[in-house]
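The two complexes that follow have chain A in common; it is paired with chain B in the first and with chain C in the second.
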Partner chain A sequence: MLCNSRYRLLRIVAKFSTDASNTEFRVLDLRKGSSENANQGRGRFQKRTEGGPQLLPPRETKMPIDQDWPSVWPGPRTFHPASVPLPVRQGYPAKDLAAPPGKYANAELMKIPNFLHLTPAAVQRHCQAIKRFCTPWPSELTNEDACDKYFPVQTTTCDYLHSSPSIRDPLARIVTLQVKLSSLPLEGRARDKFLRLVQERYNPETDMVTIVVDRCPTRKQNLHYSHFLLTVLYHESMKEESWESEKSPLDNELFEWQTSASRAAIDGLAVKQKLDPDYIQLYSEALTNLMNKGEDQETLADYKESALQLLGHSRN
Partner chain B sequence: MLSVLNCLKSRITTPQRLIHTSAVQCRKQAGRYRPSIRGDKPLTYEMANGPHQIAHRKSWNSWNTANLEGGLRPAETVVEDLFIRKFMIGTWHSLFTSEVIIKRQHNLIRIAGIVKRSISARKMYFLIGYTEEMLSLWLQCPVKLELQTVNDAKDVIYKHI
Partner chain C sequence: MIGKSVFRALNGRQEFVKRCSKIVIRASSTVPQMSLPLSSENSNPLPFFRSKQNSPSLHGSNNSGQFYTIDPSIKKQLFLYGGIPKTYDDLCKTFKETCMMIREPALEIMDYMKSTNFNNAATRYCLYGKIGTGKSMTMAHLLHYGFENNFVIVHVPWAPYWYKFPKEYSDCPTKEGMVDLPLDAVAWLIHFKNQNSHLLADPKLSVCQDWEWSKREITKKGAPLAEIVEMGINRVKHSTNCIEALLQELKQLSDLKRCKTLVVIDGFNIFFSDKTKIKTAAFEKIPPKRVTITSPFVDITKQDWSNGAVIVSVDDLAFFRKDERNTHYPRGLLGAEGFEHLDPFIPIETKNYSEKEFHYCIEYFLDRRWIINPHAASEEGRKELAFLSNCNPFNLLKVTAPL
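Entry: the complex of A and B
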């Protein structure tokens, strides 16, 4: 007991001496926390005071208005209200005419992706940083035609980005190779054979041959295979097999005036009577149109007109 | 008596089609909260808006591309998210005042949420490091914890019903 009271006395003296330097009028507080700090018991577990632990004010209140924002928010990050000096609100108000929930303790703002790291200043800085890795555009490639001339083959592949730990996507292996048919030195028979080989892969409107390769498991293999295909197609088209000479005019996909029976008939007629070469030309064009475009009112009328003119029975 | 007998007889002999018809009960209960008698049940914004309000008034708690068309690993993603939520609730015991928000970007997993400041900052820093380290080890990808702290659970209360 004696020991205990002495200890208490020592504590009082110690408190007395520490307070002496700060306050002018010292108060001897025998029962510590009896009047002022009523809620602070002497027990080991003190009840947490209202307001929680002493915290610094949010960072946003101390930010200067001309601060460097890209260094405050350098990368993608979940929204944090104390770091963003904007009066942002999100959510549906609880009552009518009430303001939407503010930015503090707002989980909705933390859910949505933000673009606070993609401010114009940050994008410009990023572009400046990667500029030294860029090479100048080739001066020869001034326009689209030059690009087509020097780089006739166009290869398209797709990269897929997923929010998953795997960077593999089976669709990334597909390679699309496009080449303009006019850029290949193919004439007449070779061109015809090439078109027969590529079938529906040729688009006559754009003059493009499109080869899609997806049979190999990796993109590199598919790329090599597409190059191989193009090479083989070209060389096969240039090759003339012995059986190709057996092709008859009926096998032609388009009517050709020069080799047609009509031309032979007109030539035979021209021996017997005089025919105007201009009218022969018109007649050949009308007949070619009729055979290649199909019979309709216009082509039939043209054909009739040119035939009558050729034979000298024109109504004009 | 006779009429009752006749009636019974006709019911037994004539073929009948017995269809029980009543109004369809379109009761939906999941994710909705019943009002209390005193009207003092606290709800957060997430609780106050039902599941039908997702993408209208509130957004998803899991953000990933697995369930989009052509997305990869949908099942694995769901199981991993479940595991992360269980782990977070157990590790940050009675500290989370919001749902655990899991956002995936490429191979990075961001875990966000609002926690109470009822433990000391040192413990909280330890828990952040511990969670990031353990989850990275198990999920084999970088995990980031991006938390917001509130002083009291009352701070996230949206309304009382």
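Entry: the complex of A and C
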């Protein structure tokens, strides 16, 4: 927008060239209140026209719908309301019932990052440009399970960007290694030992072991250490130490019928009275369920049924 | 007589209860006096909430929810030293009759007991349920059933009393590290004698082996079982040993089919807890397993004898307030050790009143003038009472008390 005094000066200059009653020497009169200027320029107490000088309409109103957007917005740029043909609103309204502030003169919209340069069409073009440098997707990796099968170990690292003299961030050294327990060939005692070594790093719902390593200063070192940990865990679990045989029934995570006192009691009872082996089997299942799942109406009811059957009681 | 102090301790409680019930009756003198017609005096047909059958052996599912009356003489024999919960006993004094509701858990256990093969090992039944749902009352009903069917009754009315309010405790002279409860043992023997007086006279109940109490005191094989009981009552020093001998004898006699035994223990889970109020002479607090009276009762609940039944109840109230486990399920209350001991057992649940039972109970209270407020008898009033008490038998009693 041109400021008023400059505009007036231009008009006066223009007047010089077009006035028909020109003599040889024209008097240049730049004073504000002079009569010559008074006709052309605005008077001291005359009103200004609303909205200032006439502006061109914003570009967005003239954008065709099928335009090539990546050409309009080729790279990351601060939000420019007149170039974006969207009725975007951002921020809290000044009054409760009003709409959020519009996009013109909206500092909030300008502060936040926008991804108008990364529309699907733009991304597709990027991909097309890069495609000739890529190899094809492996044909064996048709679904998630196949990916898990061929690439069981997932390594996660995080990169940080700083707009400061240093590009370093100490958190960038952290390495997370994730592997599914089912992909490791561990059974029985070895699996139990592995879980005891790994403790809370194992999530039984997703069957994932997550090891987070950050003890070394560089990412590469942490990565190597995490690989080392996985190897050591596996091999230590597979080894059987002499003191492992000292595990008592109290240490068992789950109730085991075979080694339990209940089984001994039933065996003792079977010596004196006739017990149907099928009923013993059902009873052992009900008892194991009761102990492992916890007591509630259902498990207790099952236990009661099986005990009644086993001991030969029935209601008339 | 050494038994006197024990009698006073037991009867003192009875006296207090008598005085309380007198006050209750006096308070109701402001209400227009109406004599409470006893069911026995009523020549008209019984109301629907009362049962004609006063014999538990004849109770069936058609009597479910009905109240049956216990004869005062039977009550005196069975429940003189405990068995009916205090609050309910006061109620019975107020109503001038001892009536009990016939409920499903008792009927169930009676059914099983009627069809049991008594050659097999004694089955353990474990009553569990939320507080106030009728575990002790069910046990009282089953005690009556056992009494009628000539079972020798081994009854512990509330085991935690021994560990929370012991009358007297002293270090055991014979077993190191154990503590005796001599007076409690004598009290229990008196209770046992009272309950089984009619059976102890039976000549079949004779001792199977010699029992030596001290150098000069021996109970020879073939002597009547009552001799062991008398020995324990008279000689306080040997009372716990007598209990041990008695219960072992009962196991053997049951195996030999000379008698059948019904063991009823309320608050069984206390035997497997960690704490008591009992201390050794060196002021060391001890767990129940170091108290001599624990082992005979834990022993008799094993399944190494036949021709009998064991009915125990587990209750969170058995523990000290601070140690409450906030569960009413048997595995949680018994703990690993207790569960292993009792396994395999039949868990029987006692529940809140069903709609029918609630209705019958209200009718009974109205009949006995426990509920005088007319609004309480109405449809809406009953719904209010059901909501306030959640149909819990004990809560219903408390909620209707001021009405």
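One rule holds for everything that comes next: the second predicted complex is superposed on the first by the 180 of 316 C-alpha atoms of A that agree within 3 Å, B and C clash if a C-alpha of one lies under 4 Å from a C-alpha of the other, contacts with A are read in each partner's own complex, and residues count from 1 in each chain.
FYI, a contact is a pair of C-beta atoms (placed from the backbone, for glycine too) under 8 Å apart; a residue touches a chain by one contact, two chains touch by 3 or more.
Everything numeric in this text was worked out from a predicted model, so none of it was measured.
Enquirer: Considering only touches as defined above, state whether A:Ala261 meets chain B (first), chain C (second), both or neither.
Expert: Only chain C is touched by A:Ala261; chain B is not.
Enquirer: Going by the contact rule set out at the top, does A:Leu290 touch chain B (first), chain C (second), both, or neither?
Expert: second
Enquirer: Is chain A touched at more residues by chain B or by chain C?
Expert: So, of the two partners, B touches more residues of chain A.
Enquirer: A:Lys111 in the overlay: touching chain B, chain C, both, or neither? Say first, second, both or neither.
Expert: After superposing on A, A:Lys111 lies in contact with chain B but is clear of chain C.
Enquirer: Is A:Ser163 contacted by the first partner chain B, the second partner chain C, both or neither?
Expert: In the superposed model, A:Ser163 contacts chain B only, not chain C.
Enquirer: Which residues, counting only chain B, touch chain A once they are in their complex?
Expert: Residues 44-46, 48-49, 57-61, 63-66, 70-73, 76-77, 97-99, 101, 103-107, 110, 112-114, 117-118, 120-121, 139-141, 146, 148, 150-152, 155-156, 158-159 of chain B touch chain A in their complex.
Enquirer: Quick check: in the complex, which residue numbers of chain A touch chain B?
Expert: Checking each residue of chain A against chain B gives 48, 51-53, 55, 76-78, 80-81, 91-92, 94-95, 101, 104-108, 110-113, 160-167, 169, 171.
Enquirer: Mind pulling up the chain A residues that touch chain C in the complex?
Expert: Counting only chain A, the residues touching chain C are 260-262, 265-266, 269, 272-273, 283, 287, 290-291, 295-296, 300, 303-304, 307-308, 310-316.
Enquirer: Give the list of chain C residues in touch with chain A in this complex.
Expert: 108, 111-112, 114-117, 119-121, 123, 303, 306, 327, 329-332, 340, 343-349
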